[in-house]
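All chains are identified by letter, namely A, B, C and D, in their written order; residue positions are counted from 1 within each chain.
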Amino acid sequence: MQTVTLIPIAQPGLRLEVDNISPDKFAGKTAEQIAALHVYEGNTQHTMGKFFRVEGESGATAADTRIVIKGDATRLKYIGMRMTAGEILVENSTDMYTGAWMQGGKIHVKGNVDAFAATGMKGGELLIDGNAGNYLGAAYRGDWRGMQSGTIRVAGNVGSDMGYFMNGGTIIVGGNADVHVATHAEGNGKIIIKGSAKSKVGGQMVGGEIYIFGGVDVMMPTYVYRRDVDLEVDGTKAKFALFEGDTAERHPKRKGEVVYGKLYLKY
Amino acid sequence: MPKIQLNLITGRTIQQGVAIEGGKEKPRYREACGIIELDPSDFEKLGAWRNTNVRVTSAHGSVVVKAIDATQGPHPGLGWIPMGPWANSVVNPNTYSTGMPTFKGTPVEVEPASNEPVLLGIELVQRYCRGDKK
Amino acid sequence: MSEYLIKNGFVFDPTQKINGDVKDVAIQDGKIVDKVAKPKVIDAKGMTVMAGALDIHAHVAGPKVNIGRIFRPEDKLFNETPRKGMMRSEGGFSIPTTYRTGYAYARMGYTTVMEAAMPPLFARHVHEEIRDTPIIDEGAYPVFGNNWFVLEYLKNREIENTAAYIAWLLRVTRGFAVKLVNPGGTEAWGWGLNCLQVTDPVPYFDITPEEIIKGLIEANEYLGLPHSIHLHGNNLGNPGNYTTTLDTLKLAEGYKAKNNFGRDVVMHHTHIQFHSYGGTKWADFESKAKEVADYVNRQKNISIDVGFVTLDETTTMTADGPFEHHLTELNHLKWANADVELETAAGVVPYIYSPDIFVSGVQWAVGLEIALFSKDMMRCHLTTDHPNAGPFTRYPRVLKWLMSQKARDEQIKAFKASDKVVSQSQIAEIDRELTLFEVAQMTRAGPAKVLGLSHMYGGLKPGLDADVAVYDFNPEKEHKPDEIEKAFSHVKFLWKTGTPIITDGEIISHGNKRTLWVNPKVNENPQVMRDIHDKFLKFYTVTEKNYEVTGKHFIPNPFVIEVDATR
Amino acid sequence: MTKTITDVICPFCGTLCDDIEVVVSDDGKKIVEVMNACAIGYEKFHHSQATDRATRPRMQQADGSYKEVSYDEAVEYTAQMFAKSKKTLMYGWSSTNCEAQSVGHEIAEICGSVVDNTATVCHGTTLIAVQDVGIPSCTLGEIKNRADRILFWGCNPAHAHPRHMSRYSIFPRGFFTGKGQHSRKVVVVDPRPTDTSKMADYYFQVEQGRDYELLQAFRAALKHEWLPDVVAGIPKERIYEGADMLKAGRFGIIFFGMGVTQTLSKNHNIDAAIMLTKDLNEYTKFNIMPMRGHYNVTGSGEVLGWQFGFPYAVDISRGFARYNPGDTTSNDLLMRGDVDSVFVIASDPGAHFPWTSVKKISELPSVAVDPHFTPTTEICKLHVPVAFVGIEVGGNAYRMDNVPIDTRKVVDPPEGMLTDEQFLEKVLHRVKELKGVH
């Protein structure tokens, strides 16, 4: 695998749209060609080279291209947008839409990511050592097809609306979650929160699973306690209380069984 | 000095509507919107006179308004400031990435401030834009 | 003096029985002429030349179209194009912005489009969107089939009063024709009910769809409007509905067209694909296209447009309120509804016609069968009931299927439930391939005649408007299916009333777009005027004075068709 | 000799009353009397006549004071600001006509700006919910003529839409509702009793911030699902009773306002309310409608809708339209420092945005186009006073139920004053010159 390193040499006045920072766009290009790719600051088109020193070589394909972003990336939007393969390592924090609509490959952010990371994610892996903003692994506005597949791991806390309209894949949160977890989730996505959650957890959920280790401050009134179960969740063996809901929603039947959203609370 | 904790909500009143069309540079706008409506029970806790000034402080800012009796109530524990610059000095600007600040449901602290003036709307806004707002 | 001469093209013009002869077409000051003196010459050698096409039924402007745009941001995702030169930015797939709508029609060689359903109370909105749709001439059909005035007049068989009300409403809304959508059923939807059969009573109003349809045919012919009544029948989209459709079509029997616009039909039944279903439930769903097409072939006084299913993710929208509620119950996708006081309703629901779903496959077959079983292509028109069965931008793909059995076979093979689609339809047995002459009938001459606009559109006869499309398509050569689709997706040249709009495939002008409307004159009718005054006082929430659409800011460039119906 | 102009449209709130009568002086220059309007509408018509209103543009000076300048200078400053900016926030649009909005949109497309309207702090979250689950709705006449269940959730028309109850909802006698108020059951849900709840047959005092829970509980109650004893401060018995009462109607309507759009859960509150409405259509006929605030905020959404495909928060910075509340919305853009100039028209963010956002506006090149003196005009670098739409110039507007009504001119504006549309046309012309487009 070949590595391309981007070293910021200037900061934009506004946020910078770098949807071209993706193994798919870099593959088969020299450092010069990569430096000539476009980035956008509002209505103004710049070349990548104006903001980054580009070092190294990309691989022939996305799959064997690795991108390392050093320095301050907090004003960079759309890193790895729609990437299908390869790797991106961000040594600090990023702005919005990190890994939005990604289909494959891996993004590792050592700092925090802002809102809308992994919007409409179809596959691949997103690793966040810090915190994530709102709408992590959520659907784009109006779309009933949210996160379809893939894995997101956040070491820290996440904002509101994680897994909005989630249809599949897994999100694992080391810390706490703000309001609205897996709202409108359907199908078989899975969210694990090792810390605590606030309120509106699993609201309007039709299907999927939520595991919470640290409790919920206010439960939805439309979840019904079923039974206790012993489980191993992401390496933790424990007893969980199983709630099913959202009882206000329509629920499909599978083999004569009504399928509910499942909420597991650790004792 | 007694202080009370309230949950602050904001919104329209017909007086606010009339005042904004009558001219926001006029004292009438301050009379309509530079106020906080408190439940009688909260007045008791606060130990302040009706129609005296109070300072309302949240994690997001602080403003002086005139405390009056709830016109639509009872609503113990809830404070009401009509929408406008006074309310917007203290509301929670967090949009939760929806574009909408959380104008309703801001925890605030209310304390008597009978000697502090309630600024005119435009005065208030110009003050904090010039940065001399604490 | 702007003059153009399009030389050496293969010309197809059913109005002159010209079938691919190599001819020249001359344009002078917006009209087709015999000859020109000092023209700009365009060499169309090896290309196909036709009149600009007409779309007789598409939902392109107005409240429900805009609900579709507004509530489907995901329909715009990754398909927006930026402003370029004088061209505005474009966006949207199944419900494109007004600018993309105008550009996309022009690119396909379309120059006239009819908005299929205008709620009278929202006429201003419809006209604002038409104003912002470049290039193409447009008209809009106000809906009458559930209008309280119409229901009350026809309950007492008051044809003259109905006609006077129609004349008034066409004028104040700047409307083009009389549209009916699920007659009676949409009023029933005001109470969450429906009328599925033409004999079902309409709640409270004590009238049936049958009586509404016949009454409006009579009123339409009393006025002698350019277009016939334009009907979306009852029981749309349900298995076994073809019997309702035949009952509906039969209502036209015995009526004769009376008008000065060369129109022969008294009823145009729209998107008949949605009305030609057999079976008793989705499981035994089947095509009844043959039964319906055969009846239409026999009956010279009715015409149809098809509403071809294009197998896309699209957005359904119709004034058939109860149907859209039914649909959202089936696919559980977001549902918008808009009931309109005294007049109509509308619903909007996204829908995915998936090649993996057997019913979608059969619906695709039904549309194509209707066209391929039709004997008179002047009375069978190409539509997708945009965007209901698919976006209008798929017309070239539909042409590919109509013109190539190979293309159809490829699609049949691609269906997941291929065998079941074949067994529930007849599409696999049909070897007919439409000719370019028939295509010109379906998309030009036919709709122009049925709309009563053959004096302006649909052909290349000297004296007609110079709407001319040149396709890079050589009819003498063999073509792979996809080459057909490609050629008709993008004209090489296009003129709109003599103004060059597209040259060498590039849009160079917004043209001189017109809004068509019909202004019938009838005898003074004090009773109808009193009724109107009374209904506005008691039941409308806008005043009578604030109802009429007036002013250049709504219709900057009107084209009024006067009709004298005074007795 | 005065003359009376009838069927005048009131340019204040989304109720868009069109039965106002205005008596004007015989020279057509002065409004003498206003009839049928509510207190707010009456005030708007009369204050438009104020002698102390600004009639020429005003440029902010170094000391913060304002100096009168010509319209030409104002056009030049504004056009230069647009041309030099990388991303201008064009905010407002809700108290002007659709024609002016259209001109502004072309400026935005040429300059690569963001167009956002007041829905962003009003019913923007409603629009997000509509995009997620749709909206079964109707025109106000359907309610007048058919409705026997009227539910006001988090809205207070007695104060915000004063004539709504008499014209459309609680009191009118319609075709199937001849007994007016007696044909209807009125329900109010609000964290505090209001002047509207005084008129209600049922009042639910919801715990502030728990509307989402209560709405979902109502939906569950429709299906007789289990509920905890108390939800959001309401005993479950009352929730079951309320659900049955809504089901028992023939035609119901839910009106909702900023009580839910601006409260925690925001779009989710509306989402749940819309789904409650959809559920009720399993049993009877039900619709739902946002109580839109400004008289033409709906129109701004419609025009943006057909021109760009999105109802607000439209980012055209790259020449094509993009939309995502949370990113392309005014308060997020301002607080994140993601715009470099601000153009405000027909609204007052200075009074209605959180102070942190207002401060950002004051720090940027900024223009405020407004007939009034407002907190916004007094912190922007340039104030361009214009004629009052709906009083001194006509033009199209959309009512809260999307019904388009063409507003009327009743008097002339003061000598030499421009309208919104005229000023924007001049700016567009100049911007095209500066950008070299035609």
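Going forward, a residue touches a chain if its C-beta (ideal position, glycine included) is under 8 Å from a C-beta of that chain, and two chains touch if they have at least 3 such contacts.
Keep in mind it's a predicted model, so treat the numbers as computed, not measured.
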| item | value |
| --- | --- |
| Which of A-C and A-D has more C-beta contact pairs | A-D |
| Most central chain, judged by mean C-alpha position against the global CA mean | D |
| Geometric centre distance via CA averages, chain C-chain B, whole Å | 57 |
| Chain C-chain D separation of Cα centroids, rounded to whole Å | 35 |
| Rounded Å distance between chain A and chain C, as computed from the means of their C-alpha atoms | 44 |
| Set of chain C residues in contact with two or more other chains | 71-73, 75, 334 |
| Multi-chain contact residues (two or more partners), chain A | 115-116, 134-135, 140-142, 144, 179 |
| Chain B residues counted as touching two or more neighbouring chains | 96-97 |
| Touching pairs - complete list by chain label | A-B, A-C, A-D, B-D, C-D |
| Residues of chain C that touch chain D when the two form their complex | 61, 63, 65-66, 69-73, 75-76, 80-83, 85-86, 88-92, 95, 97-99, 121-122, 124-125, 128-129, 132, 148, 189-192, 204, 325, 328, 334-342, 345, 348-349, 538-543, 545-546, 550-551, 553-554 |
| Chain A-touching residues of chain B, taken from the complex the two chains share | 96-97 |
| Of all residues in chain D, those that touch chain C in their complex | 6-7, 9, 18-19, 98-99, 102, 106, 109-110, 127, 130-142, 144-146, 167-168, 174-176, 250-251, 278, 281, 284-285, 287, 301-303, 305-311, 316, 318-323, 395-396, 398, 402-406, 437-438 |
| Complex contacts: residues of chain A adjacent to chain C | 140-144, 250 |
| Touch list for chain A against partner chain B, complex | 115-116, 133-135, 159-161, 178-179 |
